[in-house]
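Scrolling down, you'll hit the structures one after another.
The two complexes that follow have subunit A in common; it is paired with subunit B in the first and with subunit C in the second.
Showing the complex of A and B:
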C-alpha cells in the first residue's frame, strides 16, 4: 500500500491535516452559533443546569446521610468533578459524533467522503456545539469545590495526578465516542447504545466504586477501562483502597490505557468506515 | 368516519410509527437497563446508610429505580414525543393546515401521543423491568388489581405529561424557536418527576413543593401505587385535577394563539 511505502512521515502528516480540518470546521460552527447569541446563552445555561442537577441529587442524598459507601461528600464531589470534567472535555470535542447515524441513514456521509480532509475530523467537528461548555464548566466547578473542601496531604505527585487524570480521562471518553460512532456503521439506528457507555459511564464514575458489585467494577476495569478515568488514580490521591486487588502502580497507568484505547478506537473507526456502503437511493 | 374512530386511527398511527424503529428500540432498552443498574447500586448504598428512607424499604427503593426506567420514555419525561414536530409545524406555518382540518388540534396530538406511549410502555417498559427482576430482588405486587391501578395511573401520567408538553409546544407561536423552553421543560420534569431521586426523599419544604407540582404525577404517582405506598384514589384525583387544569390551560392558550395565525393567501 502507498501509505506504508512512504514510511513514518505519513501518519503524522495525516494527524496534522485532521487537526487542521477539525479546527477550521469548528471555527465555522462557532461563528454560526454566535449569530444567535441569545439562543447560545440559553442553551449553554441549560446544558450547565441539566448537568448541575446530577450534583444536586448527590447533595440531596447527603442531606439525609453522612457517607455513601464510606465516602464523605467532598470525596464523592472529587470523583464527580474528575469524571464530569474529563467527560466534558470529550463531549465538547466529539459529542456531535452521535449524529453520524443520521448521516448514514440519509446518505449525507458521502459529501464528507469526497472532501479532501480526514472523515473522522469532519464527523467530529460536524455541528460542533459550543454550548457543551456548560457541562464542562459545571464539572470544573464541582472539582474546584472538592479540591477546596478535601483534606489531603498534597505531594507534587498527587498534584500532578489531577491534570493527568483529566487529560487521560478525556482521551478515554473520546475513544468511547469514536468506537460508538464506528459501531453505528454496523447498527445505524442504535446510536443510543453509546449513551450507556458515555453518559452512563460518566454517571457510574461519579460514585465511589465501593458501592457497586465486584463484577461491575471488574468489567469497567478490565473490559471497558473506564475505571482509569478517575477511580484508580483518584483513589490513590484520596489514599483509599480500590475494591479489586491490584498493584499500587496501576494508579499511574491512565496515560498508557488512554493511548491504548485511542489506538483501538482508531482501528475500529477504520474498520467501520471501510464497511460503509452508501444508501443506494 | 366517527370521531371516536378517527382518534383511534390517529393513536394506532402513533403506535405503528414508533414500532417501526426496532433497532433503535432495542438500543434504548439496553441504555435503560444500564442506567437502571447504575442507579440501583446508588440507591442500595443510600438505603443501606438510611434504611426506610422516604418510607421505602430496600426492595421498594430498588423497584422504584426500575419503575422509573420503565416509564421514562413512555411518559416522555425528557421530551422526545410529539412536541418537537408540533413546534416545527408552528414555525414553518404548516399549523395552518392542521387548524382547518375537521379534527380538534389538542385531541389529535393527544391521540397520537397516547399511541406512542402505549408502544413505549410495552417495548421500553417491560424489557428493562424484566432485567431488573432478574438482577435485583424487587418488591412487585402480586394482586392483579394493583397492576390495573398502576396502568390507570400511567395513563393519567401520560395525559398530564402531554398537557405540559402541549403548552410548551404552543410557546412556539410567540417564540418561533421553542428549543430553549423545551429544554427548560425537560430539565424541570427530570428533576421534579422523581426520575433522579424519589420525591419523598427530598428534604423539608423542597419535598413538599415538588410533591405538589404536576410533574409528581409522572413517575412518583404511578410508582407509589405499584409499591403500595399510597392509596390509589387520592393519587388518581390529584392526577386528574392536574390533567384537567393543564389541558384546559392548553385550550385557552391555543385559542389565544390561533388568533395570531395569519394565513397568507396566494
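Showing the complex of A and C:
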C-alpha cells in the first residue's frame, strides 16, 4: 500500500506526487468556488477591473505623449501584455504561497506535514483562487490588442517566441514566488518582501527598459533574472536593441533561465523546510 | 544523519512485531535566540527532549503526560516526522519518520487537539473526499470507514457543514474521523478531549476504546485529563524537562507519587471528624466532610466502614488532579534520587 503510493525520494516521483496533490486540492477549491457562481463572477470581474487600471494609466499617458522611452503604444502594450500574462499564470498557480507566513505563525503548517503529499504542493494549492483568472484574462486582452496593432514582419521564429516567453516567464515568476515563500521560513513576516519582488517586478516589466536606470536594468538581468520574462526576448521580436550590450542570442535563453530558476527555487524551498523541521517553532 | 539506518528503514514495519514504536536515546535540542540588548542576542540551547528511550508494542494504548513544556508535543512531532531529532534513533513501523515522512504518513493518523487538519472553509465531507484521494484509499474501504465513523461519532448531520461552523466537540470528532479513514496502524492524539463537554468526552473515549479493541490500532495520547488515562490507557509515561520520569501502569503512578483520592461524605447531621484510618479528614463543613486516602487503595472497604458506623446520606469519590499527581511524583522522585536533578543540569 505505502510502497506503491509513493515514488520515494526520487525527484521525478516527488514532482509527480506534488502535481497530483496540487490537482486534487485545487479541484476541491474550484468545486467549492463554483457553488457560489455569482460571487465567483463578481470577484473575478473585480480582479480584472483592478488590474486593468494599470493599463488605463498607460493609455492616459499616451494620450499626452507619442512615445515612452522611444516606444510606441503597441510596443509598450506588447511588453505589458507579455509580463501581465506570464505573471497572471504564476499568480493563478502559486498566488496562495504568501499565506505560508501565517501558517508558520499559527503552527498549522504541521497539519500539512503529516499528510502523504509534498508540502510545497499543499501550500501552493491551499485556497486556490479562481478569481485570479481576472488578472490573467486582462493580460491576454492587452497582449491580443498589441499583436493586432503591431507592425512586425512575423517569422516562424518570432511567432514561436510568444508562447515560449509566456511559459518561461510564468516559470520564472513561479520560482520567485517559491523563493519568497522559502524566505518566510527564516523571516516569518516576509510576505511583503516577497510581494515587492513579484508584484513589483511585474509592474517594472510592463514598461520599456529604456526608461529605467542602467543599474536597475542590470539588476533584473543578472541578479533577479526578470528581464528574461519579456524584455530580452520581446525586444528581439520588436527588433529593438537592449540597453545593455548583450549578444543577440540571449533573447532565446529564457527557457534555460527559467529551468535554472526553478531548480534554485526547489533547493531554496528544501533548505527552508529543512530548517523548519530541525528548529520547530 | 547516519546512512547506515537506511537498511533498517527499507526493511519495513513487519520486522519487529514486538516494538512498533522505538525510541533509543532520542534528543531534540533547540537553539533559542534571546534578545539581550538592542542588537545583541544570546544563543542558548534548550533540551526539549533529553535522551528518551521507550518502545510501544503494536496494539498498545499509552498515555503520555507531563507538565506544559515538558516535551510531549516535541516527541509527537518527532514521531510523525514533522521535526528531525537532534540525536538518537527513532523508528515507527520500521520507518525513520524524518527521512520518510510522506511514506510514514500513509500509516499513521494524527489529531491535534488545538488545531484542525480539516479544511477550515469547506464542508466536512469535502475534507473526507480529499483524504480519500490523497491517501489513495480503496473506494470500498473508504466508504466502510466513513460510514463507521459517521455512525459512531454521530457526524451524519454535520457532513455538509463548513468546518469553521462546527463546535469544538463536533470538530474534534470530525478530526478523529479524518485521521482514521486510511486505516492507520497508529493514532497519535495531542490533547483529544481538551475543552470538550462531558458527553463529548465520553463519546470520544468510547470510540477510541472500540477502535483499539476491534482494529488493534496502537494509540498514543497526550492529555491533561486523568480520566482519559484511567479509562483508556493501561500504560502511562510521564515526561518532565524532556526526560522520561515514569513508565508503567497508572496505579503505579499513584504509588510513586503517593497521591490521594478524596471521599466526600454527607452525613445526616454535624458530627466530629470521622475516624477511619488510613483516611484522614482534611475539611469539615457542617454535615459534609472531606476525607483523603491513598489513591492506590480501593475505596470500597472505606465506604463500607463509614456506612456501617455513621449516619450516611450521600458520598462521592474525587480523583486526584493529574497535575497534582505528577507534581507529587516528580517531587518524590527527586527526593529519592537527587542525582537525577544534578545530572540534568550538567547536561
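FYI, the second predicted complex is superposed on the first by the 267 of 281 C-alpha atoms of A that agree within 3 Å, B and C clash if a C-alpha of one lies under 4 Å from a C-alpha of the other, contacts with A are read in each partner's own complex, and residues count from 1 in each chain.
To be clear about the criterion, a residue touches a chain if its C-beta (ideal position, glycine included) is under 8 Å from a C-beta of that chain, and two chains touch if they have at least 3 such contacts.
Here the structure is a predicted model, which means the values were calculated and not measured.
Peer 1: Looking at the overlay, what does A:157 touch: subunit B (first), subunit C (second), both, or neither?
Peer 2: neither
Peer 1: After superposition on the shared chain, which partner residues are touched by A:69: those of subunit B (first), subunit C (second), both, or neither?
Peer 2: First partner only, subunit B.
Peer 1: Counting only touches as set out at the top, which of subunit B and subunit C does A:46 meet: first, second, both, neither?
Peer 2: Once the two structures are laid over each other on A, A:46 reaches subunit B alone.
Peer 1: Look at A:15 in the shared chain and tell me whether it touches subunit B only, subunit C only, both, or neither; answer first, second, both or neither.
Peer 2: Neither: A:15 stays clear of subunit B and subunit C.
Peer 1: Using the touch definition from the top, say if A:32 reaches subunit B (first), subunit C (second), both or neither.
Peer 2: Touch status of A:32: second partner only.
Peer 1: After the superposition on A, what does A:60 contact: first (subunit B), second (subunit C), both or neither?
Peer 2: first
Peer 1: Which holds for A:116: it touches subunit B only (first), subunit C only (second), both, or neither?
Peer 2: After superposition on chain A, A:116 lies in contact with subunit C alone.
Peer 1: Intersection of subunit A residues contacting subunit B with those contacting subunit C?
Peer 2: none
Peer 1: Taking the complex as given, what residues does subunit C use to touch subunit A?
Peer 2: Result: residues 28, 30-31, 48, 74, 77, 80-84, 86, 98, 100-103, 105-108, 110, 112, 114-117, 119, 121-122, 126, 129-130, 133-136 of subunit C touch subunit A.
Peer 1: Would you pull the subunit A residues touching subunit C in the complex into a rising list?
Peer 2: 1-3, 5-6, 8-9, 17, 21, 24-25, 28, 31-32, 106-108, 110-111, 113-118, 127, 274, 277-280
Peer 1: Quick check: in the complex, which residue numbers of subunit B touch subunit A?
Peer 2: Interface residues on the subunit B side: 21-24, 26-28, 30-31, 34-35, 37-38, 41-42, 44-46, 49-50, 53, 177, 179-180, 183-184, 187, 190-191, 196-197, 201-203.
Peer 1: List the residues on subunit A that touch subunit B in their complex, please.
Peer 2: Counting only subunit A, the residues touching subunit B are 39, 42-43, 46, 49-50, 53-54, 56-57, 60-61, 63-69, 187-193, 195-197, 200, 203-204, 207, 211-213, 216.
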